[in-house]
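Got a structure for you, questions after.
Naming follows writing order (A, B, C and D), and every chain is counted from residue 1.
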Amino acid sequence: MTNPFLQSGLFGTLFRDQTIAAEFGVDAFLARMCRFEVAWTRALEAAGQITRFEADAAVEVIAQSSWRDYSAASDKDGLPVPGLVASLREGRETRVASAIHTGATSQDVIDTAMVLTCLNVLDELEDRLATLVDRLETLLDASRDLPLMARTRMQAAVPATVGLRVSSWLRPLVDHQSRIQALRQDLAKVQVGGAVGKRDTPADHAELVAEHVAHALGLSLGPVWHTDRTSLVGFGHWLTLVSGSLGKIGQDIALMTQQGVDEIVLDGGGGSSAMPHKQNPVLAEAIVALSRFVAHQQGLLAQSMIHEQERSGSALALEWMTLPAMAEATGASLRHTDGLIASIKRIGSQQTA
Amino acid sequence: MTNPFLQSGLFGTLFRDQTIAAEFGVDAFLARMCRFEVAWTRALEAAGQITRFEADAAVEVIAQSSWRDYSAASDKDGLPVPGLVASLREGRETRVASAIHTGATSQDVIDTAMVLTCLNVLDELEDRLATLVDRLETLLDASRDLPLMARTRMQAAVPATVGLRVSSWLRPLVDHQSRIQALRQDLAKVQVGGAVGKRDTPADHAELVAEHVAHALGLSLGPVWHTDRTSLVGFGHWLTLVSGSLGKIGQDIALMTQQGVDEIVLDGGGGSSAMPHKQNPVLAEAIVALSRFVAHQQGLLAQSMIHEQERSGSALALEWMTLPAMAEATGASLRHTDGLIASIKRIGSQQTA
Amino acid sequence: MTNPFLQSGLFGTLFRDQTIAAEFGVDAFLARMCRFEVAWTRALEAAGQITRFEADAAVEVIAQSSWRDYSAASDKDGLPVPGLVASLREGRETRVASAIHTGATSQDVIDTAMVLTCLNVLDELEDRLATLVDRLETLLDASRDLPLMARTRMQAAVPATVGLRVSSWLRPLVDHQSRIQALRQDLAKVQVGGAVGKRDTPADHAELVAEHVAHALGLSLGPVWHTDRTSLVGFGHWLTLVSGSLGKIGQDIALMTQQGVDEIVLDGGGGSSAMPHKQNPVLAEAIVALSRFVAHQQGLLAQSMIHEQERSGSALALEWMTLPAMAEATGASLRHTDGLIASIKRIGSQQTA
Amino acid sequence: MTNPFLQSGLFGTLFRDQTIAAEFGVDAFLARMCRFEVAWTRALEAAGQITRFEADAAVEVIAQSSWRDYSAASDKDGLPVPGLVASLREGRETRVASAIHTGATSQDVIDTAMVLTCLNVLDELEDRLATLVDRLETLLDASRDLPLMARTRMQAAVPATVGLRVSSWLRPLVDHQSRIQALRQDLAKVQVGGAVGKRDTPADHAELVAEHVAHALGLSLGPVWHTDRTSLVGFGHWLTLVSGSLGKIGQDIALMTQQGVDEIVLDGGGGSSAMPHKQNPVLAEAIVALSRFVAHQQGLLAQSMIHEQERSGSALALEWMTLPAMAEATGASLRHTDGLIASIKRIGSQQTA
């Protein structure tokens, strides 16, 4: 759900990420919907359903489409595709209009555009994760043997090293990196099902058209997944793993900054309006909160699996309400964790002379 | 958390509410933070801490403050108040600068501004609820005795009337209305605690200042609630009750529209890009999804009760991540339910001649 | 949902509460279902529907009912009432059989028995809360002026006292106590709706019978609330408030026990199999986890508001899956917090000579 | 968390599964903890830390251990291992006592026993899933071409077949089957970390001992995962996928049973105490509720990733509170879905002559 407070700017970019947000924004998403429509038109042409001339004309129409406010149409239809298609077809001669979207359905467009979006987001998160892993490896190299009291169940346990702690931050992140390839493969499936998921249009050429669309968009073709939301819920799961492992780092660092514990010194913590001298571990606290947020949303996203009949507007809405917010929160958390690690001026137990 | 997808405009206003959003937006919220600062300055004057002249000068400074991008400061400090106060004081002579915010803390400002915001939101929701109650009463009057099959556990039970069903929609909403007064009283408490919640500044006049601020803002004065988030969690609870009861209406209407059941006819349902003839109960489905969303967020908002020590940045962030989104979702749901009820063209079991 | 691991005994009573559990157990719950049936029979008599003799005979049958395993019937019917009623009526002469349950419905029985259970649980929790409040007041009296560093956002802020911290533990609990009376009033409503919530049986005497049942059970009579789950969701909300405020205490104490912080010494913390010398704040950690558990379940319980048509088996099940577990967790948490406070041997910052 | 209501027997086995429950029960779990201890002792022997004689004596002691009530010890220690180890060592000569558990830690035992439990549960769920898949394939073969109205967004869309619907039930389940092998590999990792996760005891032989333990238990050896809960959260994710896909089946069937829709006839639905003629789709409703339950718990289980320092009692408790309940609910849901599909007497749109 939208949250006007966090996006107000009042909180800077603590709970936002403009790069990830832009991927779900109207320009990027509309462009991906149009990529689907272009691929569809070309697939109709390849299947001999329309002529080259009709296809060219339709593709030009789609290419020239620009953002219009589909609010009114979406309010009525529940999603922007019917309004988009109507605007593309509007005022065109019949055979050009018919070369657009015919045989596809709204969900094909929006699901495929969502997949393309998630893949782009995944690329960005993968880059940030790699940067963070590098930074943690550097930290590990520089501080591996410094003394640090190991603590279990909030109690000092036995003397250990910074290496033990930082390895416990690093290792799960490397593991999450190793899952990306399989995740991308799960995600990168075109949605082509038609009105009710039969994938039977155009008659006798449905599979050919679907293959063509998949190929044009760099996606694979599997069975229709209109009502099977496994891959998107799986993306959400990966986001919870990443943000969860970051949450551990944030929680650890927040605890290490405590006076009396004094196991870390950060550069540039946040001041207070009443106590300007303070060095609050603002990023660490934000990371913990973002982590709980992402984990929690997974519990709602997963309910989208209960997707009744051949299409559920309610279940789809649960995805739209959660997944973009989870992606943005994970992106923000990766950025913050990188900044937090970069700000470490000293780590390890204080040593007395 | 922000959700760039839902606010992209691609979904119109199905999952947004611009009126509620504006209450949490930068202009409204900043204005309320400034109202606190003005009240604080005047309270210092009333307590003899500053002169009338200093107070007038400070109030003028605050009044002239305009929106500036506090992103950089918020990124560092975790919230906008230190940046705001610094900008207000910047370049002023010391005694004017000292007449601003001295003795207050960021949390006092942001919690009080949040309370004022919630009260405004509650007013708006109360109005919408009243409108909806009126509409349901009209519907009840018009259709009370029309036949409707009562259904339990998804099965036809015994013949009943539309009155039975519509009463079950109306009655809980009236009950939720009756809870508003107590809720408003719980919410309408100023936050004045100072740096760590002691409420001990200015020395010897702390209670007087707090009373003055409360009075100026139309709020009551109770104990410091820095770490006791009961009232905000209680507001969230009321939002879940309202959106939950709307969810029942949405679910019922979605079921009533099914072919074969045919217990309701709506004006202007949503079309499909593949099946333009369809009349999808778009609003009903959105209401169900919004209801699950709000209910789910309450499970995270409630975790903000685990508010460690004298102030927890993580716990506060959980509130900021959930409550504004819950309020906006409830607002949207009230609007949609009203529109949905207004769109009823026929209700009740189809009667054969 | 059942959790065989926590009830295995492997974890002692850390995540269980046998007193609260017993209230939801078969003996207590069956007894309350039978109390409803007795009240119903007597109400039928009072309304002149059955004779004194028939009522006496029916009441004796109900009184003699003992626990039988209704599993098979519940597996088929979805709840135990049809099986119970069938067993009560089995082998009786028709007019005695008819004096049992006629005109009531399963949900009337189970909702009313649930209300009676919740009221008993509330009594028990109220007692525990009172004990805890007393203990905290004693602690406050004994240690109010001891020095304690106030900490905000995980950082030392300004020197303060134990009184500031302990007051922040105590005050919300007193507030939660003050909500009990209104909560009890909300909860204490008999459920009498009949098959589909019409409350129309027996004909011409339905309201009289309902009043009689309510009076016999010490409950009030309001409108049918078959599909309006506000009061049970409200009970869940109160449980989240209580366990949430306890969670703050647990989190604070866990942090205070840290070596380097050393602000509290507890008697009898838990040992480790590898480090028997340790004094782990086991209860404090359990309280935090119980608090997150209860808060989280509220997000699912609240979804029971989306209660379709005249009765939803799915929505009712969400209540049965969450509310008893939330009550037991809150009960355990109250017990643990009391034990934890009682175990304090020293509190406050360590003072150097 | 325990739920005394659902395990009371009042609801039969609708919300329970005794086979899965037994895997988490005291006998099975204690036996697995003892398997770890035996493997550990033998590993110490293999590493030359203890003699063959000492190992034999220790193993005999462990083998003869029987269930004792560790409640008191668990209440103090937070988990049953310290009590278990103390009882095993009690009254033994020092060198035998030292041959037990020395160098291991409680978490090694409990995590490894949990892994062994999850693997057994996974075997059982895999079997049930295979049975269900077979049954759905049979249903598909028998009814593929029967007519069924496809429905999207609660509205009749275009005529289709039972095959379209049943395929949408079957396909995701087959996909979930295909994920089991990788899941098992992720799960099947021994936990050997010692007091704080260093894996450094016995000195110079730690890796050898760990390998030996892993081999003896049929597990693989990877890095210590004391604070990295990815694999258990991943198991939870798989449970949400399975129960989520079952939830779709349950929701579809509940909708198909509606009078007016009449797309399915089930054998032996549940009766009502007021309306004994009814055929309520009790299993279908239970499956939907179980599905929401499991999905929701994942949102809390995932928070266990925020596992502070070298061991968090709070974070571990979140796992213990959720995962066993999720496994039991998924097991029950698989059983119910199988029963539900088996009970289909007719499927597809009613055909008029």
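Descriptive notes on the structure:
As a working rule, a contact is a pair of C-beta atoms (placed from the backbone, for glycine too) under 8 Å apart; a residue touches a chain by one contact, two chains touch by 3 or more.
All values derive from a computational prediction rather than experimental measurement.
Chain pair with the larger contact count among B-D and C-D is C-D, by C-beta pairs in contact.
Distance between Cα centroids is largest for the pairing of chain B with D. If you average the Cα atoms of chain B and of chain D, the two centres end up 39 Å apart. Centres computed as Cα averages put chain C at a distance of 27 Å from chain D. Of all residues in chain C, those touching 2 or more other chains are 78, 151-154, 157-158, 195, 254-255, 269-270, 272, 275, 280, 282, 285, 288, 292, 296-297, 299-300, 303, 312-313, listed in ascending order. Per the touch definition, chain C reaches chain A in the complex via residues 149, 151-158, 254-255, 257-262, 269-270, 272, 275, 278-282, 284-285, 296, 299. Interface residues of chain D, counted against chain A in their complex, comprise 78, 150-154, 157-158, 160, 164-165, 168, 171-172, 175-176, 182, 195-198, 223, 226-230, 233-234, 237, 240-241, 243-245, 247-248, 251-252, 255, 288, 291-292, 294-300, 302-313. Interface residues of chain B, counted against chain A in their complex, comprise 1-16, 20-26, 29-30, 69-82, 85, 101, 103-106, 109, 194-195, 254, 268, 270-276, 280, 282, 285-286, 288-290, 292-293, 296-297, 299-300, 303, 312-315, 317-318, 320-321, 323-326, 328-329.
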